[in-house]
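Some structures are shown below for you to check.
Each of the next two complexes has chain A plus one other chain: chain B in the first, chain C in the second.
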Partner chain A sequence: MHPAIRVVLLTLIGLFFLFPIVWVFLMSFQTNETILRIPPSLVFEPTLQNYTALISGRLETGAGVLELAFMQNLWNSFVLSFCSVALSLLLGVPAAYAFARFKFFGSEDIAFTLLSFRFAPALLVLLPLNLYFQDIGLNDTYIGLIWVYQLITLPLILWIVRGYFEDISPDIENAYRVDGHSWFSTFMKISIPLALPGIAAAALLSFIFAWNNFVFALILASADKQPVTVGALAFVTASGIQYGQIAAAVVLSILPTLALALYAQRYLVEGLSLGAVKG
Partner chain B sequence: MATLTLDRVSKIYGHGGKDALKAVNDVNMAIDDGEIIGLLGSSGCGKTSTLRMIAGFEGVTEGDVKIGDRVVNRLSPAQRNVAMAFEGYALYPPLTIRDNIAFGFSRDRLKKAEVDARVKRIADLLEINDILERYPPTISGGQQQRASLARALVRNADLYLLDEPMGQLEPRLRAILRARIKEWIIERRLTTIIVTHDQTEALALCDRIAVMEAGVLLQLATPHELKDRPANLFVASFIGEPPMNVFKARVERDGGVARLIAGDEAGHDAFGIELPLSGAGHALGNRHEVHLGIRPHLVAIGGGGALRGQVVSNQWLGDQSHIGIDLGGATLIAVTDGALDVPAGSEAPLTLPLESIHLFDAESGVALMHGLEPAAPGVRAAA
Partner chain C sequence: MATVAEGVRKPPRRSFGESALPYLLSLPALLVCIGILVPFVTAVWYSLQRYNLAMPYLKGFIWFENYKILFTDTVFWHTVWVSLLYTVLTVGIELVLGLTIAMLLQRSSAFNNAMSIALMLPLMIAPAIAALMWKLMTNPNFGIFSYLLSLVGVTDFRWGSSPSSALFTVVLVDVWVYTPFMMVLLLAGLRGLPRQPFEAAELDGVPWTFVFFRITLPMLFPYILTAGLFRMLDAIQQFDIIYAMTQGGPGDTLMVFQVQAYLEFFTYTNVGRSAAILMVLWAITYFLSHQFIKYWLRLRERARGVA
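Up next is the complex of A and B:
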């Protein structure tokens, strides 16, 4: 194909997929009035008022001043996603290794059961869970939420990482063990580094899933534990929907995952270039 | 360095039921300190499984593995002090070849200079000096194989398990390395098991050779014994190049003599030889059928041969001749050291010397007689 045609096509595809994000990005620098102008226009006077409102936590609307917990929400999102992924890695990576290496009685069934958590409609689980959590005091706590978030992150990490472990030749591990190293140090020094690209990919993916989760926190958490996804509801105010602030909130809440993805990309690419792990 | 004993060792894969597979079947071996053992057999006969049980990667289903006087069945690979070169090389991709080799004795906590010296010594030996700074995925299979062999040989272990360590090398390099490796092993009196497909390699390298088939150890003996006194028909035809001539033969007794009448492929009588029944002849028992074998280079052509055959082919291979002879319908291969002026189509007198004849049971394949001596009692039957 002619290079010029390729560039044009790639640009078109890029525009198509990036358009909503670009549009939101532009919106975040506009006031509600300019956003709702008809016909819409690309020409506007940029303002930072949406961002200052979010960061200072004070939203001035036609109906008065509104307290916003956006920064708290952002922090909650971060705590919940980060801790959930960390816990899932702690539990899921060794489990993935066990499922990859040892064929014990019922191993496939257990692995599948863990995956099936993702099939269940979340609301069906959450309503009864909410009652239990209220009884045992886990309602509206980070710990309770992180626990429930395992339904999202653990199966993902388990199944992705398991595949990576299965791709590593057991003899690479055996070679290390026969040199006089214990099973555990082989796991830490050989298996985990070789599966690291897979672990990074799984962690990234499950972080994004956790970050974007809405319904778990909506039901199980009150205002001070809510992540941005739920917190965004606050922008639907009595005096209308605050599109500008929503756009700014979207931009701010994309940033952490974007940064994480860019950072993890290094490992992902490294993993690809080390492709011949099977030796 | 230590002895190794396998005491009735079996390996069954799968948890019973119909997918169970007996990969190693009741194997006994006693290997001396400093001995080099070749493990020879066709693909899938259980060689790798045997090594993996010795190294501790696979559990032993039945029997005991002893290194020195320790039963190691329940010890982890780390506790067995065994070095292994893997069939699939199993190099660690993120490390250079140098570090892969040095990794093997990282636990010994040597000084860097000492580590470098040891790596250099083995790299010189195996001709991999020029790739020490490369990474495993970027070098050829033959180079990876030598790196993996280096990693095993450079260690201080009680036992060295080399699983087809030279299968990927071109013949010339293989011949050179074979001699060097042998010297290295003998110098250090390393107890070694070498798995190989290549019997030239096994014969050249090993003190004794174990021949396996379908999980069963058929014979563990010196190269000489394997050639002169094969325990059964399988070993007899497996060892030796070109393989032993084998014919099905009818036994007719006539006074003190047994006439062995060999048949051609269709079962028609082809030729006969006479065997005194006195002495070892009793090993024949009252059998009416046996397999008769003779090694190609022990067929004596010319002179006052008792048999006459028709030469069908004569190939000069540069150091020996392979001569195909039709003996009353049966085809016999003879090997002579010099070139022999018997063109295809000519008649050749030949002798099958009685002291070179092997007889095997027609059904089980167990050896009955070698030359004019009875085969050793108590050898295992071919499965």
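Up next is the complex of A and C:
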């Protein structure tokens, strides 16, 4: 292919995929007046007022001051994602080890069932839960949501980490065992450190997926437990035409995952394919 | 009882505690998930009941009545049609576009690697938020895309708010978010292919169409299949983008499976019908996920072999 065609194609592709991010980022530093200006212009006086309004939780709208807890949404996203991943690691890493090292009765079926949760329609589980949660007292609690978030984070961690454990030669573990160490100390001192890159990759990716989840909290969380994905949408309805603030809310909700992704880029390929493709 | 996996030398001593070990290790994860199986079983049960939250006194077991009503209802077949159309369009476009980008970036250079990372960013944005971003950019009053269209004389294109362009708009957002997924997997696949066939073809002066259709595509096929099935599983269940963009509207234009089930449940409080719709969707995804895992396992064996 002619190099010039390649450059043109890549420029167009880059524009399509990156322009929306850049444009919304620019919008978040504009007042509503500059946003509504026709024709749109790249020249404007940047303002931080959208961000200060979001951070203080007080939005100046045409109809007066509106109290909005967007920072609470951000905090909820963080709590839900962080705790879900932590719980999944606690549950998933030992299970991943068991599936990697031992063939036991039903092991493949169990592993498959756990993975199939990743692919089942979320509403199938969420709608009955919506009717239950009140009865079992999990309505509007972090614990209830974190438990359901295991549907996202646990299969991912289990299957990626399992692959890493399978790649470690059991001979290394056995050699340490022969020295008289217990199974547990072998697991903690040998197996986990050797699989650590995989565990880190799985944790980062499942954090991103948990953060980006929308439908779980839409159905199970009330306003004060909602993460940014649901909060941002509710915010659009509430703030109406405060477009600069909507853009700022979008930027604040996507920055954490974009930053994590850039930080963890070398693990992304392996994680996205659940460990089937080496990056 | 627990036996040791193939190729693993017997550990020094094995007591009762050790043979119970795999069960002890996987039990907590299992318990958490069994808790999640309970609502699943409940959903199956609901789908066999006449159950409307607004009319609880009518609740009763009616066997497959909900399904019978569904299968004779044009509204349901519309849902099936829109869901399939959405799946075929998004996965098809994403495959072609993803493969094109992957081939453009195939040679590993500093620029290509930086580009492939930059192109991955949309995939890291929550689909619901991505829909919101596109809503901002297609707003009829100030949206940059509406403005750009007006420059070329198109002033009546109403994106998500018109039945004729709503599907186009949500497919566009889906393509924006998920094409990077295809690109990433196919790029890894392309770079992992053995060199010799390509070098031989170059020496023989074989035309590029032949190289592409007879060497690249067949060798890349396992990757295409796995990535395609993975995306199909997500696309047929798409909820976030469509709900955030139009809530299934305008009218019933974008009533895909999960949006329809959501509205049946919350707007019409018809739990039985909502559960039946979701069971049909579940049957489709169950079949697809079996296929996916089969090819996924093969791909992983291959990755092991190369690594």
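Basically, the second predicted complex is superposed on the first by the 232 of 279 C-alpha atoms of A that agree within 3 Å, B and C clash if a C-alpha of one lies under 4 Å from a C-alpha of the other, contacts with A are read in each partner's own complex, and residues count from 1 in each chain.
Going forward, a residue touches a chain if its C-beta (ideal position, glycine included) is under 8 Å from a C-beta of that chain, and two chains touch if they have at least 3 such contacts.
If you're wondering where the values come from, they're calculated on a predicted model, not measured in any experiment.
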First (chain B), second (chain C), both or neither touched by A:Ser56: neither
Partner chain(s) touched by A:Val236 [first = chain B, second = chain C, both, neither]: second
Partner chain in contact with A:Pro193 - chain B first, chain C second, else both or neither: first
Partner chain in contact with A:Trp183 - chain B first, chain C second, else both or neither: both
Touched chain A residues, chain B compared with chain C: C
Partner chain in contact with A:Thr11 - chain B first, chain C second, else both or neither: neither
Which of chain B and chain C A:Ala175 touches, first, second, both or neither: first
Residues of chain A that lie at the interface with chain B and also at the interface with chain C: 170-171, 174, 177-178, 183, 274-277, 279
Residue ranges of chain C in contact with chain A within the complex: 1-9, 11-12, 18, 21-23, 25-26, 28-30, 32-33, 35-36, 39-40, 42-43, 46, 100-101, 104-105, 115, 117-130, 132-137, 139, 141-142, 144, 147, 176, 179-181, 184-185, 188-189, 192, 223, 226-227, 230, 233, 237, 239-240, 243-244, 257-258, 261-262, 265, 271, 274-275, 278-279, 281-282, 285-286, 288-289, 292-293, 296, 299-300, 303, 306-307
Chain B contact footprint on chain A (complex, rising order): 169-172, 174-183, 190, 193-194, 274-277, 279
Contacting residues of chain B [partner chain A, same complex]: 55-57, 76-78, 80-84, 86-94, 103-107, 136-137, 144, 148, 151, 155
Interfacial residue positions of chain A with respect to chain C in the complex: 6, 9-10, 13-14, 16-18, 20-21, 23-24, 27, 35-40, 90-92, 94-95, 97-99, 101-105, 107, 110, 112-117, 119-132, 147-148, 150-151, 154, 158, 163, 167, 170-171, 174, 177-178, 183, 208, 211-215, 218, 228-230, 232-233, 236, 243, 246-247, 250, 253-254, 257-258, 260-262, 265, 268-269, 272-279
